[in-house]
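One structure is given below, encoded as structure tokens.
Think of it as A, B, C, D, E and F in the order they're written, each chain with its own count starting at 1.
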Amino acid sequence: MKYIDEFRNGNVARGLAAAIAAEVQPGRSYRLMEFCGGHTHAISRYGLLDLLPPAVQMIHGPGCPVCVLPIGRIDSAIDLAREQGVILCTYADTLRVPASGGLSLLRAKAQGADVRMVYSCDDALRIAQDNPAREVVFFAIGFETTTPMTAAIIKQAAALDLKNFSVFCNHVLTPAAMVHIMESEGDPAAVALDGFVGPAHVSTVIGSGPYEGFAQHYKKPVVISGFEPLDVLQSVLMLVRQINEGRALVENQFTRAVTREGNRKAQALVAEVFELREMFDWRGLGEVPLSALKIKEAFVAFDAETRYSIAYRQVPDAKACECAAILRGHKHPRDCKVFGTACTPDQPIGACMVSSEGACAAHYTYGRHKEASASEVKA
Amino acid sequence: MSYSRPIDFKNGRVDLSHGSGGRAMAQLIRELFVRHFDNDYLRAQNDGACFPLPAGAGRMVMATDSHVVSPLFFPGGDIGCLSVHGTVNDVAMTGGQPLYLAAGFILEEGFPLADLQRIVISMAAAAKEAGVPIVTGDTKVVEQGKGDGVFITTTGVGVVAPGIELAPQRIRPGDKLLVSGYLGDHGVAIMSLRENLSFETAIESDTAALHGLVAAMLDAVPGIRSLRDPTRGGLAAVLNEFAEAAGCGMLIHEKAIPVRGAVAAACELLGLDPLYVANEGKLVAVCPAEDAERLLAVMRAHPQGRDAAIIGEAIVDANGFVQMETVFGGRRMVDWLSGEQLPRIC
Amino acid sequence: MCLAIPARVIELFGDDRARIELSGVQKEISLSLVEDVAVGDYVIVHVGFAIGKLDPEEAALTLATFAAMYATHGDELPLTPPLA
Amino acid sequence: MSYSRPIDFKNGRVDLSHGSGGRAMAQLIRELFVRHFDNDYLRAQNDGACFPLPAGAGRMVMATDSHVVSPLFFPGGDIGCLSVHGTVNDVAMTGGQPLYLAAGFILEEGFPLADLQRIVISMAAAAKEAGVPIVTGDTKVVEQGKGDGVFITTTGVGVVAPGIELAPQRIRPGDKLLVSGYLGDHGVAIMSLRENLSFETAIESDTAALHGLVAAMLDAVPGIRSLRDPTRGGLAAVLNEFAEAAGCGMLIHEKAIPVRGAVAAACELLGLDPLYVANEGKLVAVCPAEDAERLLAVMRAHPQGRDAAIIGEAIVDANGFVQMETVFGGRRMVDWLSGEQLPRIC
Amino acid sequence: MKYIDEFRNGNVARGLAAAIAAEVQPGRSYRLMEFCGGHTHAISRYGLLDLLPPAVQMIHGPGCPVCVLPIGRIDSAIDLAREQGVILCTYADTLRVPASGGLSLLRAKAQGADVRMVYSCDDALRIAQDNPAREVVFFAIGFETTTPMTAAIIKQAAALDLKNFSVFCNHVLTPAAMVHIMESEGDPAAVALDGFVGPAHVSTVIGSGPYEGFAQHYKKPVVISGFEPLDVLQSVLMLVRQINEGRALVENQFTRAVTREGNRKAQALVAEVFELREMFDWRGLGEVPLSALKIKEAFVAFDAETRYSIAYRQVPDAKACECAAILRGHKHPRDCKVFGTACTPDQPIGACMVSSEGACAAHYTYGRHKEASASEVKA
Amino acid sequence: MCLAIPARVIELFGDDRARIELSGVQKEISLSLVEDVAVGDYVIVHVGFAIGKLDPEEAALTLATFAAMYATHGDELPLTPPLA
């Protein structure tokens, strides 16, 4: 696979790892948050932690739109399918996210709700056209990467004058979440993070520009990084260098797919259809101002929140869950009392266990063997 | 049973009378199943099939699989041949030589008889090629909306030669893990046809009967510890089953695992991992380290094992974890599949 | 998150649609979010839409950096035993 | 497999992950099937079960039945015990002693785990009572609307003692026809629960394993020609199968056929004929005329044959027609069921 | 079963048979039409023909509302379910009746039409109440016995003001069909029938009175007869006696359930809801004037024919079919070339093979062995 | 046609409903088409409705006629050989 395989070369990885090890300064620690689940995934899947020197610590951030979707929003989606009887179209990622009362969209489906998995939001539109007698709602989730296509189908639905289609919008914004993490301790100086591995495909859409104010204000270096393992390693190296040199800039490792401006056409489409929400509740983070989008008045006919008078009901995260601390880099999944017992990927309790890219799920699925004290003997 | 019009296999559909125990059912059995499966056991029209066993057989083996694949027809096969291979392979994985098959059909009212006939002919051909006749069966019809075209449950019996004793509990640290060829072909071929995923690829299902390969393998290395076909849950499921049963760990090497480029590409597109994708004509074998190269050679000499590879080894690990050395030299776990294999966007 | 991969455009249809190819897998996608895509271009595909083009020159530069890094440090630190 | 919460059998439901080959499926198999079916073959966790055969067995027999009954729970039983009896009986009807069962489950997404557990426990109890362990199995989950709660396909293997050779082709004119008890109980018990027919009756399904009765019968009269359990299509189907296979006619005597009053009454209400109604714990036997009284006595001495009766005889008839001498002394045909057994208003 | 078993006593049957044999006059033949399928069924199921002397011949009449339902009406019912997408509720009897294009309601159902079997028309009403978003049509068939309950549910639907329920009315009338048989040859004298076994439960509803004009006009004796085998035998005896004595009266054998007036309450209900149709097409008989009912204007809201603008399209009976001659007593099923080959109960071609109570189906199912020349040897 | 059978009314509900019994089988039916039905009466049941009452005296009379017939002719004509 061109432009993929080259970025997964194990030999080159060892070269990068050696460079990182060579540049790490003795006695110094590098606490780096990879904001995105995509990075978390690469780190786990390729075992990158084994390649990094102990001084470099990777903190998994909240960059998984599935993980951060609050219970109340899933509850509303389930209500739409169960009580309103709509065909609820959703990306498969949301199907197993736990909601109230032990439910999830998958379980609601098992109980008879008409929940349909789509690969593309296009398909939701097609389902609406194929079922004129039914109401169809697309359960839109995602960061900036996934927002433009939702905008596109809303405009298309308007052009087609579709009467039975609407969108339950849950699109959220990356920079706002990064700001929130820095502000969450009251004092940004108390946040024990030295740098950020910045989003890949989000940045393809919004460009690297939007992170500049963040880097400058909080004096934290940000390196926009591709999701391939060599990208991540190189970004770590770039962060180590910035930290060593006391710089705090936005650098772009993912130059092959990210520019400073991003995708103007997609941005224009989003601006036409969506506007900022004052406040949005994130699972694990709580209320974050100006961190999400809603559908503009001009397209209100396609806004499921209005059409079905969806009132958001906040459901507190589980008490035992340490997600909030984990997402800020204060704790590790292993520090949570219910990790791997009551909370597993099959029956997740908290945000970090929900998607395979959450910090706890990644540790459970890929890294749990490190906790085991078993001595290994290779034959 | 004179006085009846032949079944219209061109335009007809399954209706409830085909499962009612009346004339229509008897006719369907006669004109479709008995005709194509074509053996004396079925023609004897008993409630079950009676057969002798070859002399000198050690133990017997029985295995069963219900087949519910969708779509029913896919590149490289259909539910018919799949239902033969799926069970023949389960018999083979115990080290058994499959001898006879039973087939239970659950048909949905409205299912086109032409499709049913096509499936039965495919089953008959697969059974013939495998040398394992379908000697008894059952047909039920469920109302529309209470089935999905056709489900086929096949059960196989076979004999295990004296001395052959395959069991994952016999796996010891140091044993080598082998696979018989490229992984993930079947699952990707199926997914390429799912309405909402549709992508095009030349990948075909690998559905095939493996008892010939197994016989050759056991002939060369009777000390094989265990065999398993990595169907649902893929290689990951088999390795976790092995680890759990054996009470040791498994370590595989990413770069040694045969995965076709198109399978890897489809998995990238859909956010899936080839280690979890289903196969229908592949096996995983465990053998003592000293036999591994010989076993590999025997496998590669067989058409079903042409692309076989040694992919790892059993290791000491009281937790029974499966780990993979990545192409980077790092290690990660290969856990059981959580939930379902669903295409992801993130 | 935001699973997206680079794939080559092999055919353009009207209506902002295109066929892409990735190691023997082909799929129809939408080009409605991008501009000026030609056959042979690589685009970044997410949920059936191209969200941007891949810049081959920048990719080559990145790979060159990697190569340099490997040349410098490649032999220093074999972190794991050689593979079987 | 540590680190997992126990399954919620009280409120949980089947979802697609239970059939995905991942952790949820492994857990369901372990906590439900292996636990209740409880035998070493299943615990061995192989793809199939290996077992030795008793010394001196003549031939083997294999039989399969898919069970799709609705409702799943009915007076006198449920799909669980039915799926054991149905296949044990098919093995028994060949004269075989059933030894082992395989079970394939097709579960519908959303099916309550409590119901599944109840069914599995019932199966386990039926298997235990019959002395026939369920040694291997398979579980699939289909999407909601593509199944009907649960379908169970069971397959049985058994051994046939040397010299026992049951086949309808061996029936000769003059042979006597016997039934082991009252007809139609199962079908009427099921129909009494159908939503749109609902009537109340104390009739319970007769579902039962008959291999004990068969063993006693073969012991007394090894020359029995053929045995069959009159399930779907009822007595009429079995007699027509016999006639067709044997190439002779059958004559039965209405007044000799055991039918309970409530079964007859339900049939009157619904416009059905008890000769076509299904049974699950009855058999039809054919034996030489000179053995008939002795066979009857043996059957009546067995709990499953308490109400046995000689109901007629095979006759010369090149057409293979089944006829019945009515209570009036007139004769009519008893044909195959046409279409389905549906309640009639006229 | 009280009032049933006593009427099925084989010994008594032999007594009755002996009486008939004793009263039959030498050289005379008694061609008796049993109008109803219920009688046909009793004759077949109990083998009554074996008990009757050869001089007595039973001709199976058209008295099965399923058999006589013309193809065009089934086609319309299928259209309702397939094209209009209604829930079509029907008695199971109609499910297998062949329609055009090789279809039947059962096959339409197998192809996805929402056809539901009901035991009572009550259930159709309940289904309409349970599915307010769907249109529900009850496919009403039957003679006078089955008509009053259809009237009852139409009134009930009116009382409930149900908007999604209607009835596709195909109720037909017995006396009109009997008249038609006598008139079908042009000259009633050409009709080779000596007497009629008259309807049982139809008469419970309409009484024996309505046949009096018929008997008088055509000089044919009619004996209203129960459906139990002894009832039929006694009725045959009563007809033999009338014929011997040259009488042509309506006599009532079924006195335990039939009076001269019938069920006045049921009749009033029918009169309130239904009125006579000018003409109705019968399968096997063709167009018969004043032989069926339609829904009155006052209940037109519940008339599916009006609501869905059902236009009856006559579909000719199959050419090879001899039903018309069989129903008039001119031919026997065995005389039809396709009997038992192309035409069987599993794949019926003509009216008489459709329901198990049709003349051809009864002969196929119960009497075919008589055609076989096989010599039987009883062991 | 017009399958209908006599069954005994064993319980009256309001709303013209009743429970009938026939040899151990019970069913709820409608009495809306008939009048003056009491528990113990036999009614003729068709598609879940009573279409009329059964007159026990008339039934007895019919049976008496049969008996007379049997007494007169019962032994004359055994049409089939005696049963097994």
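General remarks:
The rule is simple: a residue touches a chain if its C-beta (ideal position, glycine included) is under 8 Å from a C-beta of that chain, and two chains touch if they have at least 3 such contacts.
Everything quoted here is computed from the prediction, not taken from an experiment.
Shared contacts of chain B and chain F, meaning chains that touch the two of them, come down to D, E. Counted as hops between touching chains, the shortest connection from chain B to chain E is 1.
Chain pairs E-F and D-F differ in how many C-beta pairs are in contact, and the one with more is E-F. Of all the chains, the one whose CA centre sits at the greatest distance from that of chain A is F.
If you average the Cα atoms of chain A and of chain B, the two centres end up 37 Å apart.
Separating the centre of chain A from that of chain D, both taken as means of CA atoms, is a distance of 55 Å. Distance between chain C and chain D, defined via averaged C-alpha coordinates, is recorded as 60 Å. Annotation: 71 Å between the Cα-based centres of chain A and chain E.
Annotation for chain D: residues touching 2 or more other chains are 16-17, 23-24, 255, 261, 264-265, 268, 313, 319, 325, 329-331, 335, 338-339, 344-346.
Listed for chain F are residues 1-3, 5, 22-23, 46-47, 78-80, each touching two or more other chains.
Looking at chain A, residues 1, 4, 9, 14, 37-38, 50-51, 64-66, 91, 96, 106, 119-120, 142, 146, 344, 346, 355, 357, 364, 378 sit in touch with two or more other chains. All chain pairs in contact, by the document's touch criterion: A-B, A-C, A-D, B-C, B-D, B-E, D-E, D-F, E-F. By the touch criterion given at the top, residues 1-6, 8, 22-23, 30, 32-35, 42, 44, 46-49, 51-56, 58-59, 61-63, 65-67, 69-74, 76-81 of chain C touch chain A in their complex.
Contacts from chain E toward chain B in the complex involve residues 96, 102, 106-107, 109-112, 340-342, 344, 346-347, 364. Residues 198-203, 253, 255-256, 260-262, 264-266, 268-269, 271, 310, 312-313, 325, 329-331, 344-346 of chain D touch chain F in their complex. Against chain F, in their complex, chain E makes its touches with residues 1-4, 6-7, 9, 11-12, 14-19, 21-22, 36-38, 50-51, 63-66, 91, 119-122, 142-143, 145-146, 148-149, 152, 199-202, 204-205, 227, 230-231, 234, 253, 255-258, 262-263, 265-266, 269, 357, 378. If you check the complex, the residues on chain B that touch chain A are 173-175, 196-197, 249, 251, 255, 261, 264-265, 268, 270, 289, 313-319, 321, 323, 325-333, 335, 338-339, 342-346.
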